[in-house]
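Got a structure for you, written out below as structure tokens; questions coming shortly.
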Amino acid sequence: MKILYFAWLRSAIGMPEETINLPEGVRSLHQLIEWQKGRGPAFEKAFADMDTIRIAVNQEYITDDITLTGNEEIAFFPPVTGG
Amino acid sequence: MKILYFAWLRSAIGMPEETINLPEGVRSLHQLIEWQKGRGPAFEKAFADMDTIRIAVNQEYITDDITLTGNEEIAFFPPVTGG
Amino acid sequence: MITVQREVFDTGAEIRKMTADRTDIGAVVSFTGLVRDFNEGKGVQALTLEHYPGMTEKQLAKIEEEANRRWRLQGSLIIHRYGRMEVSEPIVLVVTASAHRGDAFAAAEFLMDWLKTQAPFWKLEEDPDGSTDWVSERQSDLEAANKWQQSD
Amino acid sequence: MITVQREVFDTGAEIRKMTADRTDIGAVVSFTGLVRDFNEGKGVQALTLEHYPGMTEKQLAKIEEEANRRWRLQGSLIIHRYGRMEVSEPIVLVVTASAHRGDAFAAAEFLMDWLKTQAPFWKLEEDPDGSTDWVSERQSDLEAANKWQQSD
């Protein structure tokens, strides 16, 4: 699955995107977030306050938990500030 | 005093403007309107329904009765339809 | 700024003039009113706009002042044409500039709504068969203007 | 129509394109958002707009469809730039065309309010001293977007 990071999340994590296999024990979006928090200090800090993070799965906003298959494009980013 | 007519009022009365002296017995705007109605069939018909006529005195909208001195510029016209 | 003119205007050029050499403008709203080929279910091939020279300028200036009193604007412009104009020609232009979009949008809509009910212009419509009719006042324009009434 | 581009756009040219050869348009509203030299009390000398290619276009298309569902529009356009832009450069353009001004005004304001809270763009501000900061979400933008919520 492809994971994308934008704006300060990209800077905090230090990369714009990565391609990973669905990690062991991760079957849902919430589980993926918990897994992300365990990937070291930069991830732990970036994902500490999920109120400051928006999530898109396959380029659509997702606010509830959903099941993941491992083929998704998942993006994590701050609230948008365009316009 | 100068009297101006616009749009269908101009067509109905047959002139865009006229200069007259304050008629005998006319001291107020309401009296002027009554006097206008007595100037013949075209005037009588044009001024029959004052709800369809707006009035400006010295280029400001007037809705109440006011005293006239004879030096005013008075305009009679339909509700505006610009824009 | 207000202008009453017979000539066609160019919306893009007017927007550019308002924003040229300015660094404090974040939002520009323009409204352009055009002659369209129908009105109240009837065909229209041209309009003639009659106005009251002198009073028109006074009323437009008052409306513009009121918009600048109500909102924080960095610029405002009203251009209104008179004379004969054919389908798809521009009739009226309002441009507002502000730091923030809310002020620019509200002021532009206010200017149009007030202008429609206060500025002494009258439209004479030409039908495709050449007959002419004075356009009647619209209830929806009165309602649009009323929503800006303030109690103070 | 929606366009996401790095290049500067010309508001006047876009308005002309939308109205060219049309006789049924009575009202055109444009909104142009520009880089201004201050934000939230701080000086700004440039912005860099980051976006999410692919999702940006999808979200803008959805927002435009929703505007066309809610109002009777004869045309609608969103252009949003990305990349670095200096003070007084245009960032975003919305143009709406309709038979009547009420629809054109409402749709343009709706497009901007939704775009501000839904389209995946992020602004990085450069201060006059060269330091950079990601712009924070604005409460007033959320409130502006909320006023368009429908119960159905």
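So that you can tell them apart, the chains are marked A, B, C and D in the order they are listed, and the count of residues begins at 1 in each.
The definition used in the following text is that a contact is a pair of C-beta atoms (placed from the backbone, for glycine too) under 8 Å apart; a residue touches a chain by one contact, two chains touch by 3 or more.
Computed from a predicted structure; not experimentally measured.
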- Item | Inter-chain centre distance, chain C versus chain D - centres from mean C-alpha coordinates, in Å | 23
- Computed distance of Cα centres, chain D from chain A, in Å: 27
- Item | Distance from chain D to chain B - Cα centre to Cα centre, in angstrom | 49
- Note on the structure: chain D touches at least 2 other chains through residues 33, 101, 112
- Note on the structure: Where chain A touches two or more other chains at once, the residues are none
- Query: Does the chain-touch network form a line, ring, star, complete graph or other?
  - Reply: line
- Item | Chain-chain contacts as defined at top | A-D, B-C, C-D
- Message: Applying the document's contact rule, which stretches of chain D touch chain C when the two form their complex?
- Response: 10-13, 15-16, 19, 22-38, 87-88, 99, 101-102, 104-105, 108-109, 112, 140, 144
- Task: Under the touch definition given earlier, write down the residues of chain D that touch chain A in their complex.
- Result: 33, 49-52, 54-55, 58, 80, 91-92, 112, 115-124, 134-138, 141
- Would you tell me which residues of chain A are touching chain D in their complex? 4, 6-8, 10, 56, 59-61, 75, 77-83
